[in-house]
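Have a look at the structure that comes next, please.
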Amino acid sequence: MNRKKVMTTIATVATLGLLLGGCANQAAAPGASSAGAGGGLNLDVPVLTSIETPKDAVLPAGDGKATCPSTTTLAYIGAETGANAQLGINIFNGIQLAINEHNKSNPGCQVAFKKFDTEGDPTKATGPVTQATKEDDIIGVIGLPFSGESKATGNIFEQVKLVHITPAATNPGLTTNGWTTFFRGLGNDAVQGPAAATFMTKTLGAKNVYLVQDDSDYGIGLGATTTAALGTALIGSDKVTTGQKDFSATISKIMNSKADAVFYSGYFAEGAPFDQQLVAKGFKGAFVGPDGVKDDQFIKQAGDASANAFFTCPCIPGELIPSFASAYSALTNSQPGTYSIEGYDAATVMLAGIDKGNQDRAKLLDWVKNYDASGLSKHYKWDDKGELQAPAVYGYRVKDGKIVPIGAIG
Amino acid sequence: MSTIDGPTPLPGAKASQAAADRQASGNIPGGSADAVRKSGWFGRWSEKWRAMPRQKQWLYLIVIVVIAYLLPVINPPILSTEPGNDFPLALFSMAVYALAAVGLNIVIGYAGLLDLGYIAFFAVGSYTAAMLTSPDSPFFKIPYLWTIPLAILVALCVGVILGIPTLRLRGDYLAIVTLGFGEIIRILATLIPAMKGQVGFQNVGRPPGMGPDGIPIFANSNGTPWYWLALTILIIVLFLAGNLERSRVGRSWIAIREDEDAAETMGVPTFKYKVWAFAMGAGVGGMAGALFAGQVGFVNNQKFDVVTSIMFVAAVVLGGTGNKVGAVLGGAVVAYIPLRFTAIAEYKYLIFGLALVVIMIYRSQGLLPARQRLLAYGHIAYAKVRRTAPIAPAPVTEKEA
Amino acid sequence: MLSTVLTALPADSDWINFDVPSLMQNFWSATFDGLTFGAIYALVALGYTLVYGVLNLINFAHSEVFIMGCYAVFFTLSFLGFGPSAPNLGIGAIILNLLLALIAAIVASALTAFLVERLAYRPLRKRNAPRLVYLITAIGASFTIQYLIFLWRGPLPEPALTMFIPTPIFEVFGTIIDSQQIIIVVAAVIMMVVVDQFIRRSRTGRGIRAVAQDPDTATLMGVNKEKIIVTTFIIGGVLAGAAALFYVMKIPSGVQYNGGFILGIKAFAAAVLGGIGNVRGALLGGLLLGLIGNYGQILLGSSQWTDVVAFVVLVLVLLVRPEGILGTSLGRSKA
Amino acid sequence: MGAHSEDVPVPEDFSAAEPGAVAVSEAVAEAAAPEREIDVAVGDALVEVKNLTIKFGGLVALDNVSFTIKRGEILGLIGPNGAGKTTCFNAMTGVYKPTSGQVMLEGHVLNGMKQHKITRAGLARTFQNIRLFGEMTALENVVVGLDARNKTSVIGALLRLPRHIREEKAAIERGMALLEFVGIAQDAGSLARNLSYGSQRRLEIARALATDPKLLCLDEPAAGFNPAEKEELMALIRTIRDDGYTVLLIEHDMKLVMGVTDRIVVLEFGKKIADDVPHVIREDPKVISAYLGEPEDDFA
């Protein structure tokens, strides 16, 4: 039996050798250099190195003279664990930073911060949200990050008139429920989809775009607005499942379709292995993903394949705001992630309200409703449905293993 | 090969060996010493219970039920899931899990059919409620409370439809096929546009009634009325399950679980009763699903995954396979642990996993291993036996072993 | 309910349609991809089948045995300097490194399998627990391992690392077959053949078959049942370790705390499809499941169909052949 | 392997009561199955086995076997190991499908019927390797058999409709009567798996009787019994017959078979080689040669 095992091992090694021999003779890895690889595509989009922050941006520190009861509490409700925990962590770190800065400079107003875990699961969200609404000290909430859970719980906030600003949920339908307590701190998918389409066809010069969407609320919604905006540039589409790891069938369809760009409407958990397998099969075009894909994790998990990736995001590159980036990394030992600054800004809006004496739910809700000032990332003024009036979409790309901004794209 | 190897009749050498063992252990077949040794303090407790006069049993039961109803009001400090989770809502979750576990107990505990796709029926119930009450659905609408019986009916039919082809399989083959069907139902919810995948249905209906503050009594944030509704349904279902248990139907199920071939030979239409077990379980699961959909107020395809399905099985076995009260306990515990330990959110599933292993190793029969009673008037007969046979050393009848 | 949904549907009822041209166009690439993934399923399926054979137990924790192998591959290769970029090494060095990773994976998986058996199953055997209880401890063990990894490594997958860039080897029917596909399929099949022969011919293999057939008699005939059970778990672990290497090779970002769960279920389905308890059945079932899933998703136009098609086929097969395709059990297979 | 008669306080009672057993048991059977028509037409054919052939693959397990079982008799089915006794038995009770041939009960063909329907048609059996429902009490085991004649529906049980209540009460009464009849009434409340070996065998008979069969098939009911217990069993079987049941007995123990049966069918290699009353069978050279080499000193 031992002899047999040894023989098999030898056979396996021999086979491996034979096959790897073939690969070593090949030229450099496909996708290792993104420039010009896509035949006619303009993949070498210049990188943005700094953005202008609004001069009059409101900061959490305020004037340092605020007073408030020590029970005043803001809460984050959203994923702390579960598959999409990273997004939640990015957000509540941003909030924590804002509250820390506020409390440090306002000895008379120490705002407490509470976190409730929903795992990002709509069915698990009612418990924590109800609990938060029952705690009278909580006068404002940042959350919930995902569209599904926001949809499931919006009416609970509405019942008790508790204001909440979502720093990440982008489904356009959320603001059509007649909720008066829901505010969205970023542009929705109806803005992002067309921006992404224009980016692909104009900036990148893609002629044939293949669209792949996942089965999430987010992916489907964004997929629809992008499809509509792409028009004839769309040559095919496919759907994948949350949690899927093997994309070979989808990839063979893409390869046969001769697409020069792929838009993936979903999250990085599937987007990263998808791009990695796509490039491993020899795809030379561009991979474009929305904010759900834009994450450092994407680069980690897609490896070198991520060199062909571009992102669109209604989020502002927080890392380009030096004061924010350094304070954030001092707090968390990591760079700001997607939606960190949105969390920070949303908290700032509420902290500013508290500082101005709006220290119960009704007043704070009123404050947010009538808010009209710039945050670190953008100008915050909501319409009567709770949508931002002037959202911006930024483009990003992967360069030297990092996600870097390439400027506003719509 | 049946999945549940009930203690088989003892043939040949094993029989005499077992008989010798029994002699060695004091020659009290199924005697009290035996039982206590096997089931620890729970066993002693359940023995005391059996020994109680019926009036006293009722008294205790009423006290327990009243306490159960008062739980959300009392909100006992250590038990409470707050501040991480609203306690009445947590209780509601526990009641729904308990209800599902009681339903699954009919399938697994009574009939011995390992169903790993029970979530499918839960999902069917949820979707029935959602699609007939949510404004997002293109169907005709009916009041929410009507969807509960309808959910039972629809789930029951789905149970029969799925049961007829699959119940010809035995044991672990049945397990994987039901697991597959559970997945298929979930994926179909994604694929069929009318079921709206992850987009789901918002504003699922609720029972009527407005509070003084203009907020509906059955608002999805108001756990207490939901919990009372679920608890009431749970108690009714327990009664009905008890009726089934102590009847021809229950006996047929247990006979199938113990030895399917022998049951068939004794004139039990095994296939028919297996389908019935499947359908009954499905009906209860569908009802649990409809309740769940009503409270959450939002139904999409995310919750109905394999993991939840396996949680239900865990609830049944944890509580004590075949014991409906055990299933209630198991279901409540399985729902409770992750909700209770949200403060240490990262550890909750680890605690859950370890608890399953440890409990199963040290209490293989589950938390409440009491045996089901299968005769409506059995106590009369057994009492007669006790009277007429005083020679036997305290024959402990109809008790667990 | 389905039919009510279907008939009551508004205009968008074309959710199911058969895209035959697409299947024709992608048939061969779907075949080769399906075989590649099917080979991985098969290796994992063997672990289920062997344990089922001797213990009649669905070892739900086998998916965690597999994922521990994946982590071992990841750590070994990271330690050896592999990263997101393709390694700048000669063939010999790459082979050596992959072999080291393979050994590490095999050790990690086998050790996990051993520990699961020792800590979760053996105490139950001593207590003569009913079989359902094994299933629940298996699930408990699975959860425990998953969340231990979760606490240790966090919720996210480990960064990808590239073992080598797959290169086209030859072309069949206009479809390129690359080195990765060949390595995985060939190595997996060789391993399965070795295991098959091992079970059929070696002394331990005979012991395994004897225990599978009749544990009591086997014990009477002098077979050490406990030892055989441990050996079986370890063999399953070894194969899962090998599968882990190939899986990470194919899906570099698949190393995640819960990454084994779904694959485990598919592998178990493969084992049942082929005939659980049957070694050759596991191979056949794995490859078939890979193929069916791939054909199905292309034919029906979205990968969301993969599992639906796979499970429907499984059910249909079981209805015709309740014991699976090669339905004889491990114990009864010919020597 | 001897049974432990000290586990079973019953046999003593039973043997003591033996002279009067018939008289008592008639009343007992009356209680057990009151609706039952006492068959008066003793002697006409109850079961006819016609040209029964069973093949497993290439192996012919049963080759063109025919015999009849007359109403009110105890028919012994004997033969050396592997002669096809149990195969024949299984074909009659619907476990195997015959390759060709028929089994008829009172003129109705049983072939192809589901097992539980065959039972309800009036053919009940016990198992050679006891197959009781281990987690049920003795009484519950018997009531499962009685349920073959009950008609409560699932809805009826769920809502405790009157019929359910009536049937439940009757079942308890009849079940206890049957347990008394086989002599294990004291153990009514014990789990079947905790019963002594002898009591388990008796319980099997009671459970089969509970289905109110026209023909009771006993598959080696005395296996593992000591001579005293065999005596008691023979008495019990006779009592059952005297009570108006027809009995088919597969048995290895020649003494028991010769002592209790009215007629014997002998199988060898799947073929019937003899069919006659016991004392003729005893002298039949074919039967003797079939059994040669088998150390059955009772027989020689």
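All chains are identified by letter, namely A, B, C and D, in their written order; residue positions are counted from 1 within each chain.
The definition used in the following text is that a contact is a pair of C-beta atoms (placed from the backbone, for glycine too) under 8 Å apart; a residue touches a chain by one contact, two chains touch by 3 or more.
These numbers come from a predicted model, not from an experiment.
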Touching chain C and also chain D, the following chains: B
Farthest-lying chain, centroid of Cα atoms versus that of chain A: D
Central chain (distance from its CA mean to the mean of all protein CA atoms): B
Contact-richer chain pair [A-B vs A-C]: A-C
Gap in Å, rounded to a whole number, between the CA centres of chain D and chain B: 39
Whole-Å gap between the CA centroids of chain B and chain C: 32
Chain B: positions in contact with at least two other chains: 6, 187, 190, 346
Chain C: positions in contact with at least two other chains: 302, 304
Residues of chain D touching at least two other chains: none
Pairwise chain contacts, counting only pairs that touch as defined: A-B, A-C, B-C, B-D
Chain A residues within the chain B interface of the complex: 80-81, 114, 116-117, 121-123, 126-131, 133-135, 148, 151-152, 155-156, 159-160, 177, 215-217, 220-221, 241-242
Residues on chain A engaged by chain C in the complex (per definition of touch): 1, 4-5, 8-9, 11-13, 15-17, 19-26, 29-30, 32, 81-83, 85-86, 215, 238-241, 243-250, 252-253, 255-256, 269, 272-273, 276-277, 280, 282, 297, 299-306, 401
Chain B partner contacts - residues on chain C that touch it in the complex: 1-2, 5-6, 8-10, 12-13, 15-16, 52, 56, 58, 60, 119-120, 123-124, 127, 129-133, 135-137, 139-148, 150-151, 261, 265, 268-269, 272, 276, 302, 304-305, 307-308, 310-312, 314-315, 318-319, 322-324
Chain D-facing residues of chain B, complex: 6-13, 15-16, 19-20, 22-23, 27, 29-30, 240, 243-244, 246-252, 254-255, 257-259, 261-270, 276, 280, 322, 371, 374-378, 380-382, 384-386, 388-389, 391-392, 395-398, 401
Complex contacts: residues of chain C adjacent to chain A: 22, 25-26, 29-30, 33-34, 36-37, 83-86, 90-92, 94-95, 98-99, 155-162, 164-169, 176, 179-180, 182-183, 186-187, 190-191, 194, 197-198, 201-202, 204, 250-254, 259, 262-263, 294, 297-298, 301-304, 306
